Each structure stands twice: as structure tokens, then as C-alpha cells.
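One structure, pasted below without further comment.
When the chains are written out, they are named A, B, C and D in that same order, and each has its own residue count from 1.
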Amino acid sequence: MSEDASRPFEPRIVAFFCNWCTYTAADLAGISRMQYAPNVRVIRLMCSGRVDPQFVLSALREGADGVLIGGCHPGDCHYQEGNYNALRRFELLRLMLRGSGIEDERVRLEWISASEGDRVQKVCNEMTEQVRALGPLRLTTPRRVEAAPTAPAAPDERAPELVGQVTP
Amino acid sequence: MGALAQVATEPTQAAPAKRVTGKRKKWRPVKIPSRFEALLDPGFAAEIAADVPDGEDLRACIQCGTCAGTCPMILYMDLAPRRIIGMIREGARDDVVHSTTPWVCASCYSCTVECPKQIPITGIMHALRRIALREKTYPRGLPVPLMEREFVNVIEKRGRSTESWIAMKMYVRTEPTQLLRHIPLGLRLMRRGRMGFGRESIRDRAQLRALLRAVDEQPRKSAAPTSRAPGVPTPGTGGAS
Amino acid sequence: MRYAYYPGCSVSGTGRAYEESLLAVLEALGAGLDELDDWNCCGATAFPSVDEDKAIALSARNLALAEGRAQGSEPVDLVTPCAGCFRALLTAHGSLEERGPVARQIDGALEAVGLRYDRRVRVRHAVDLLVNEIGIEAISEAVTRPLEGLKVACYYGCMLVRPNATFDDQYHPTSMDRLMQAIGAEPIDWSLKTRCCGGACYGADPFSGTMPQATLWLGHALLSEAKRRGADAVVTACPLCQFNLEAFQERMVREFGHPIEMTVGYITQLLGLALGLDERTLGIHRMLRWHLPEREPAAVGAPAAAEGGGHART
Amino acid sequence: MLEPEMDPTSQPVSTNGGPKVGVYVCHCGLNIAGKVDVQAVVGFASTLPNVTVARDYKFMCSDPGQDLIEQDLRAGLVNRVVVASCSPLMHEATFRRATAKGGTSPYHFQMASIREHVSWVTADGDDATQKANALVAAAVRRVALHEFLEPRQASVRPDVMVVGAGIAGIHAALTLADAGKHVYLVERETTIGGHMAKFDKTFPTLDCSACILTPKMSQVRSHPNITLWTYSDVVAVEGFTGDFKVRVRHRPRYVREDLCTGCLECIEQCIHKQGKFEDEWNEGLGKRKPIYIPFPQATPAVVVVDPETCIWFKTGKCPRTCIEACERDAFDFEQTETFDEVNVGAIILATGFKTFDAARIPAYGYGYYPNVYTSLEVERLLNAAGPTGGDAILRDGTKPKTVGIIHCVGSRDERNNAYCSKVCCMYSLKLAHLVKERTGADVYNFYIDMRTPGKGYEEFYDRIMKEGVHMVRGRVAEVTDQARSPQEEGRLVIRAEDTLMGSVRRIPVDMVVLAVGMEPQPDAQDVRRLFNISCGGEGFFTERHPKLAPVSTFTDGVFLAGACQGPKDIPDTVAQAGAAAAEALAMVDRGYVMLEANTAWIDEATCSGCKTCVGLCPFSAIAFDEERKKASVNEVVCKGCGICVGACPSGAAQQHLFTDAQIFAEIEGVLEHV
């Protein structure tokens, strides 16, 4: 956690990729040795439908400057319709984020199939550049920057103060 | 026309009646030059690639010959487009920049759209012309380079071209006798109001000149590739002499 | 409907009849063209061979001038009858739209002379306009003297569909054939629709003085094939192709044999004839040769004309 | 197999004591260590909370690497394991097994992908090390929260379904059936045999395709362990590995398969005296009647009525001489679609390919010049059972004197298929030989590169060249009927650069053969969705690993055979079909599979009874107790997507291995140390 003025701003982006399409595509990008910005950190979920809006909020609160969600193309979900759920939740989330003054470019939902390694590269680079252009995310609520306690607390204790609960 | 006459004696298509003579007047040796690696310019491919949109694709050439097969002007080229691409890739810079091929190219884009690897071949030909003009390696036997210069000068000065003037100037400078041959056609056109000697021009010439100057003054699109073999001496140049 | 119009140097010179017939036909079809004020040369293919960036800048100036006619956020249609100018404008628009380093350079240059281009121009060829804006149907309804029995070879040339095809198939274009069918003519089927005529190669030089033999050879191949297929006329959509195919027929014959005597007209001239326009309005008197088979208006044209006339009464 | 299995003799190391995390950073030779400073990552990891051991090793997936984990667990130094190495899709199972061998739950493990996601995709070494640190920190935080879970098992149905009965499906089905498994073989066409049944000869041995294929076809027909369903397709697939429920639709033939003997008397007696309709089997080169059999050895030898062309179906007025002709009363004009539903343990997809549509390259004039043929059409012309009885003649009945064969049609072309179709060089040589043999014609082959890797292939190439076939190295630019000389008049002219001669040639020919490439089936995308697998960019089905799992897919229990996975010739197809059969056999023969532990559960205490989850579950795995107003997950049906968890407003729904707490921990981890 350094916002050292001497160093240029490097955006931090947390990505939630579904196991079947986008995570596999990221693996393919690796196998194909496609170089992309190191700013994106991928968290693997089984399905983009698992992405709880709280994950996104939590990431932004913990210091991420952007969040990328990757799922299978519509109609291709390994679990039939998880990505549609993700999309619905994402739309609501986006409205809410706009209300909090968070730019659209910071939170992005992308459909990337297992064969689209080049798209992972493109999206990661693109998003890094966009967020870099926007600059660091400044939330009105101070971010938690101290190291977390050694044994992480239960999830309900860390419900985001930024906004309330979201239902699909 | 020296260069042309030479290449045109090697037609491989069913050539026009006049050209099929069936016998060669004089025996001449077939020249297949050997090339030392030191004579090649390893940076040439990068130089071209940087100068043409999607030029990087030339590295993917599979030498299939579709470009040559589809080219309407192939008969008149000293190096087939396929060979040009192959030679660029391997850095045979000196031969390529002396070739007549870019100047014979009709810019019809057949090769570009037919190329299975989607190499922008026509764009590469234009880039080669730019290099040849810059380095004065264009074939002296062909009037095309002079004409292009002339054309560009007229546009830069007046903003529009007047066909009759450019043609006239060309003939005066290259083959004055040819001009006489065209007088009857010129007269027919003039009678029909399709040709005149009034010179076209735009009103705001100053703006156009300023615009073109400003293009030069803008920060360059990309740094030109630097790697270039130091002054390569070349025995026997390809193409026109 | 009125459109921005970019004539180009050739149409203002040897291609005058093309402009005259285009304007007349569009007027008859209820459309009009407004010439860009103080347009400049598109640079043809010669300019990019000398300086590519400046070639784009030339077209960028024309595009900026056209955009000046924009109303609101609607894009502006810029119509050009010349295939060479069409390609130049389209290529320039394409490179500018990519917004890469070249685009930045050109934008900067435009700004330096007080111009600005926001990529809101759609570059259209006259054939595109006829087929896709005015429409085949409207044209066939307006026909009063269908060209029944006239066999035409539609010659698209290189640059109508290459390197980028915007309104027709790149390999097998059909828009001109459809236009000819709409006016009752019979387009012949041939494989040289988009084969180069050699005319546009040398920076708009109508005399092809640069490489006469090559140019004649290509033109001869086209015309003899059209003749072999039984065409009465070749129709073009480009002033350079037209001139090149029309003006050198004697020399082609001298050089390669096979007598050719082929009428080479502009597509707009045939459209105009079918719409019942006067030959002089269509600039037919400017052509070097014009021999269409005799049409007998009473015998051939009458029934169809009556039918067409019925449609035409709107 | 790679499922984790706990060592039953040992007790769990620690389930309720504090977490002691071991971090193992893999060099992967230089794959990781070449970019990431492995020592720095180990140093960093050792500073993280809960970490008691941090080590690096050259190849963690090797036996000694795995032993490191096992020993540390057994020694009580650690009770949670993080391996920073390749993708979990690659070696998660390996390391879970190692963790289980150390005596704890295999799920007390987390992987950090620092190869695919870091070293292979990051240009700068420092950046890469930073990113690796972040991913390791995330895994360490997360693994501390992992619960003790037991691996789940599920039993496997013994039967197997094979979809597609070309040579791949036939071979796979026979292999399984011979091993004593029951196989449902589903074929969309009226006969099995696929493309191979259309060929005349096969390269490089030139043995007759029918002679080697038809015995296998009749074996399929008569095998007691094979249920053959032709003219049928799969319409729905449910369930998961070990227990798929597949719904198959049978289209009506209007002839009862159990009664028809294949005497073909009805075809003879059809009111149409001559074949009149396009014969699809012969690529439209022949004509058939409304009642037909594709070819004499069709299997099953059962006729089929085409309702589109049959007069009875079209007008209702026909004496129906066919019915009279049938001695067994096999006709049933009232037949409708029927359905079957079967449960199988594994599925093999062998749905094959289609040939490239040559009309997509206008320069070659296919569909425009009548004497331009595709290679498959020429296969039919050369086939003794084909429309001309094996004569290679043109549409006007004459024999071609010169034939041009154009390679790579639709292949190696960015505008169509960028890939090499692999088989065209060889089959073009075969066609060159056959055409020359049958007609004595001069044959020109136009190729870009000759690709003849394979046993006996180069020798075949050699032989064909010595037979005097012209080999012109150059891709054909166009086929035209524009004549520029008297000998070109009335013929087709092939224009190509002969790159070896260094000149453009115009070669007049009478017949052009387009060596069309192989493409995915047009409905490959639908099939892919149906079976929940993926396709590559070019549309062929994607295997689980290009080298190490070439017949498996990302969906367990679904295997691939033949050209549906990529262009292949017959020997490769048969080999792959055998491999797919063996993989399926290994799975069903064992009788059980291990299942992922990542199912969802609902904490009754916090469940508010809102029922949001119930409607969202794509697998109807969530039941709702109306009395107690609580939802509950059926863990057997749950597939572990976590959609319900993401949606639960009260946080009552949770997912094993993906609990909110674990993911929050991971988020903090990736962000904390950057």
C-alpha cells in the first residue's frame, strides 16, 4: 500500500473470473505467452453468478482502483444461466456505484470464452489504461489500509459501510 | 523504356501477338546472384513494417504466390510481389529498393484483398516507392517516379490537378516525341470540352500549404527504426539500370 | 434529399460527362448534390507513394469541409462519383477513425489551420447512393424508356470494392448489374468485373504515357472479353476507367490486333437514357464513340414504357 | 485418476488448532524462476501471518516436491498448504492428493497460479515478483479459513453413449462394446459410416474404403452390446459425470426398422420411374427417388421415405405402389417422432466435420463454372457405388484431358480458416493418382507447401510425383473462363504463380478439383452447449489439455473422438477413438467418481425464508420447507456454481471452498501487499 508521490500511479485491479470460461482463457493467454499489464489480480470463482456485489464493494474499499468481472458468453454458462444473474446484479451495482460517484470504467463486466486468450490480454491492458487515466479511486469513506488482523473476521463484521445490501 | 523492354521479354502468360516471337535474338546468361549475409540488412523488415499499417503481417508470408498470380501487371515486374516480400523479410534491401516492381504496381489492391495472410502488399509497394524516392534509387528508365513528383508538386501548389498539364510536362521531360503522337487525341478531347488548358486551382491555397506543412511539424507518428546495415556496397543491383 | 458532393479533379476534366449525367439523373430522381466549397485533390494513388501522411491530410481537409455541413449529431454523407477519390477518402477516414498516432498527427495539423474533423462523415460512392439510398425500386419505377435488349458489361474497376468493400461484395459485386437490370438492360456475366484497367495507375494521367504497353494490354483484355461475351457497351463508375477504356481503342488494336469498337459509358448516362433524359444533358456528345444498337421505341420500348410510365405516375 | 484420496490410516493433523500454513513456491524449471524471483517470494511468504513453513522447489509436481508437502504435514509443521505454481486447472488435483496423503483434508489446500497468470504474461521481472507475492498472500489468507471437508463420491452408470457414427464413433463404440459395456450409438443420418463411407480409396495404401469400413459397420449392427439409433439426434442432456440423462429423438423413416429387410423392392416399384431428386449422399451429382437408401451397404439397410418429395405426403394422392411391393408390411406412413431417454455414465462425442464451402472463394468459381468440383464430389465420381459408377467424367459425359487440383481451399487463409486442414495434401495426391489412373488425364497439383508427415506418406508423395503428376508450387489466384489464346477457348484457365519457376502460368484444364478443408459441423456450437463443453476460436471442440488430455473435455465424463476436435485423417481418428473409448471405459469400469466439494449449504439460523435462492438454482437443488420457512440445498444435486450464494440477501447461503469469508480474505490478500 504505497501512495508514494515519487512513484507514478499504478492502478490495482481485482478480477473475478469464472472457472470455466474466463479463468481458462487467462490460462490460455499464459500458455500463449501473451504479455499484459501486471496490475490485474485474478480471483477464481466457479461462476460469474457467484459474484456478490459485496465482493466488488469490498475490493474497492480495500484499495482496488478497479474491478473486472469475467464470465462466459451469454448462452454459454457452464451452469446454464449464472452469467445472466451476474449481468442483472452488475446493472444494479453499476447504478449504485454511479450514485457514489464511481466512474463506469472502474467496474467492468466482460464475457470472455475459454478460447479468447487474446481478449483477456486486450481487456486487462485496456482496463489498466483506462483506470490509470482516471487516477486512484478516492472514496469518501476512508479506506482500510492497515494490515488485516491475523485471523480474519467473519464476513458479517465487514459489511461495507459504503452502501447497503444488494439483492438481485 | 529500357527497363520495360527488358522485363517484357519474359512473358509467361499467353502474351499479346506481337510479343510472341518464339526465339531470342541473342544468347544471354541467366544471372542468379549469390548473396553474402553481410550484404543483407536485417533491419529492413522492421523498417517497412513500421511504415505501413499492419505491415508487421509481412513476416507471416507463406510465399504462396497469390499476389503474383492475381497481379494484372506482373508481366512488367522484375521481381514478383512474392519475392519482394520474401526479400524484405530477409533484408535484401538494396535489390528491393532498386526494383521496378513498386513502380509498375497499378495500386489495384488485388493482391491485398486476395492475400491469404492479409498482408497489405499495396501499402508495402507505396512504402517502397517512398524509400526509393527518398534515396533516389527509383528506376531511371520509368517516367512514373518523375510523374508522381510532378503530381505532388502541382497538388501542393495548386490544390487540384489538371490532367493535361501534368501529361504535357511529363512528355516534355521524358519523351518529347511521344507528345506528338497524342496530339490528335488531345484535339478530339478539346473539341468535346473534355480537355482545356485552364489550370485548376483551389481558392485557399495558403490554408492547404499550411496544412501540409503542419503535418511535417507535428510529432512524428513513430520513431523510424534505426537498425540499418551500415552502407552496404552491392554488386549488381536488381531491376532497372 | 441533398448530399454533400465531392467531384474530384478527373470528373471536372475528362470526366465532365459523368458529372453532368450524375447531376441530371439525381435531379430526375428527386435528389440533389451540393458541391463542397473549395475542395482539393484527393491525392490519388500518387500522393501516398510520395508522402502517406500528407495524402491523408489532403483527404482530411475535404472530410472536415464536408463535416461542416453537419446538422446536429447526424453524420454527413459525402458522395463522390470517382472510384479513385472514393478510395482515397475512405482510406483517410479509416486511418483517422483508428485514432492512432497518424490520426493524432493529422488532427494536430488540421487544428493548426483552424480545421477540425470529428469522424462524422460517411464516404459514399455515387453507385452506393443510387442503390442503397435512392433504391433500385424507385429507379425502376422512374424508368420511361427501358433499355430493352441492350447487353452491357458492368465494369466496377479496382477501387469501388478494394481494398475495403463498403456497400457491395468485394469479390463479386452486383450493385451496378442490379441497376442495369432495373432499367431493362441485360448485364452480361463476366469474370473481369474488378480486374484492373490500368487507368488509375499513374496518378490520374489520362494519356497513360508512363507505361503505354501495360495499360493497353489490360484495357484490351477487358474490352475483348466484354466483346466476346456479346456486350454492346461497357459501363463504368469511374472517370479514369472510362477514359482509359475509351480513348485508346485504336492503339490497342494497332498493338494487339482483334478489332474492338466498344462504347464505354458512365453508368449514369445509361440510367439517364432510361429515365428519358436528353442525350445532350447526359453529355453523350462528349464521348469519343457512342454506338448503341438501334432501339425502336415503338416496337421494343412501347409496351414496357407504358408499363413503366404507369409506375412513374406517382 | 487424479482425485484426492485421504490416507485412511492417519488422523487429521489439526482441525481445530490454529492454522499453520506451509507455502511451497515452484520454480517450474525456468518457467517461473526465469521471471519471478522465487527466493523473494519465499522470503515474503515467510513474513505472512500464520505461515510456519515457506520453501521453494524446482518442480513441486514431481514426487520429491509432493513429498515435501507430505512430510511437513506429517511432522506437524503445517496443517494448511499453499502451492504457488501453475494453474489449478493443471495440478490442483495433484497437490490435493499430496495434502491428503499428509493426513489432512485434501481441501486444506490452495493454489496460487504464478505461471499462467504471472511469469508467462508479465514482461518485467519485478512486476512479476510483486504480482506473485500478492497472489501468494491471498492464498495464505484464504487457506487459513478452509474447512475440513471430506471428498465426495458418486457412483457411475455402466453404459456409455457415443454420438456420431462415422469411423470415430464406430471404432469407439466397438471398443467399448467388446469390453462388455453397453453402448448407445446415435447417428443423425440414415446410415452409419460418415465421410469415410463416401470415399473410394484411402491414402497412402490405396485400400478400398468400403472394404475396410463395411465389415466394421455390420459388426456395429450385429453387436449385442450396441444399441444403434440412426436418423436420431440428442436433444437434451442432464446430469453430470457418471450419471447423464440423455434424451434422444428418432425421426420417422415411415418404414419400420424392425421389419424392413433391405430388399429395395419398394424403391424399384416407386411411382417415380427415375430418380428425380438431388441425392445428398452423392453430393448432388446423382438423382434419387423419394424412397431411397443412400448406398447399397448402408447400415442399417433400411429404406427411408423423404416426405419433402414423396407424392403421398405432398398431395395425398398416390397409389403407393411401394406398400404393395413390401412383403413384410414394413411401411408406416403414420410414423411420428419418438423419443428415448437413457442414463449413461460417460459420453463420447464423435460428431465429425463438414467440408469447407468452396463457394466462399469466388475466385475459384465453384457453383459458377460447372466443371469446378469439390474433392468430396470427385470422391463420389471415383467411387464404384457413386453416380457414374466410378468414371471420372464431366457433367457433359466427356472425360477430362487435363485436371487441376487446387490445394488449401479455405485453409491457411485468414479470411476463411487460418489453420491447415492436415488431410488435403494427402488426399489430393490420392485423387491425382486415381484421376490419372482412370482417365489418363494430365494432372496438375497446385500447392503452397506439401505436408506429408505420417507413416508411408512421404513415400506416397514420391510415388505420385514419379507417376508424372505436375506439382506446381503456388496458390491459385483464380479460375477463369476468359480465354486469351486458342487453346484456352472453351476451357477453364487456372492462373497461378509457379513460384519454383518464378513466373505466372495460365494452365488450361477441363476439370478443376478444389481440395476443400475441414471445418467444424455447422451445429457445433449447439452441440457444445448441449454437452456443456467448449469450442476453440475456429469452432472445433476443445480438449482438456492439448497434449496430456487430448480426448477429455473440461466437463468430466464427456470425451472427444475424431475430427470434431480438429482436422484429422483416418488413422489419427481411429487412434483417438480408441483412446476416448479407453478413457470412458476406465471411468465407468471403476464404478465411481470423486466429486468436487464446492457445494452450497444454507445456514438455517440466518435463513430469512425469502426464497430468492430457490428460483435461481438452475438445477432445482434447493428445496423450501414451508412450515419452518427455511431453504435447504440437496448436496447431491448441487453442482457448486454459487449463484444462490451470490444472491442470498441474508448471507445464509454459503459455498464450500468459496465462502464469503474466504473470498473477502482473498480480496484483502491480493490488495494488501502491492
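Definition applied: a contact is a pair of C-beta atoms (placed from the backbone, for glycine too) under 8 Å apart; a residue touches a chain by one contact, two chains touch by 3 or more.
Bear in mind that the values here come from a model prediction, so they are computed numbers and not experimental data.
Undergrad: Sort out for me whether B-D or B-C is joined by the greater number of C-beta contact pairs.
TA: B-C
Undergrad: For chain B and chain C, what's the span in angstrom between their mean Cα positions?
TA: Their C-alpha centroids are separated by 25 Å.
Undergrad: Could you please state the distance in Å, as a whole number, between where the Cα atoms of chain A are centred and where those of chain C are centred?
TA: 52
Undergrad: Hey, how far is the Cα centre of chain C from the one of chain D, in Å?
TA: Those two chain centres are 50 Å apart.
Undergrad: Show the residues in chain D shared as contacts by 2 or more other chains, in ascending order.
TA: Residue numbers touching two or more other chains: 363, 478, 484.
Undergrad: Can you tell me which residues of chain B touch two or more of the remaining chains?
TA: 75
Undergrad: What is the complete set of touching chain pairs?
TA: Between chains, contact exists in these pairs: A-D, B-C, B-D, C-D.
Undergrad: For chain C, which residues are in contact with chain D within the complex?
TA: Its residues touching chain D are 169, 171-172, 190-192, 221, 225, 228.
Undergrad: Report the residues of chain A in contact with chain D in the complex, numbered from low to high.
TA: Answer in residue numbers: 1-2, 10, 12, 14, 19-21, 23-24, 26-27, 29-31, 33-36, 38, 41-47, 49-52, 54-55, 58-59, 62-64, 75-76, 78-82, 85-86, 89, 113-116, 121, 147-148, 150-152, 154-156, 158, 165, 167-168.
Undergrad: Within their complex, state which residues of chain D touch chain C.
TA: 362-363, 365, 478, 480-484
Undergrad: Once bound in the complex, which stretches of chain D touch chain B?
TA: Contacts found on chain D: 363, 408, 412-415, 448-449, 473-478, 484-485, 488, 495-499, 501-506.
Undergrad: Within their complex, state which residues of chain D touch chain A.
TA: Answer in residue numbers: 18-19, 49-50, 87-90, 113, 115-118, 120-124, 127-128, 130-131, 134-135, 138, 141, 144-145, 529, 532, 534-537, 542, 554-555, 598, 612, 616, 618-619, 639-643, 645-647, 649, 651, 655, 658-661, 663-668, 670-674.
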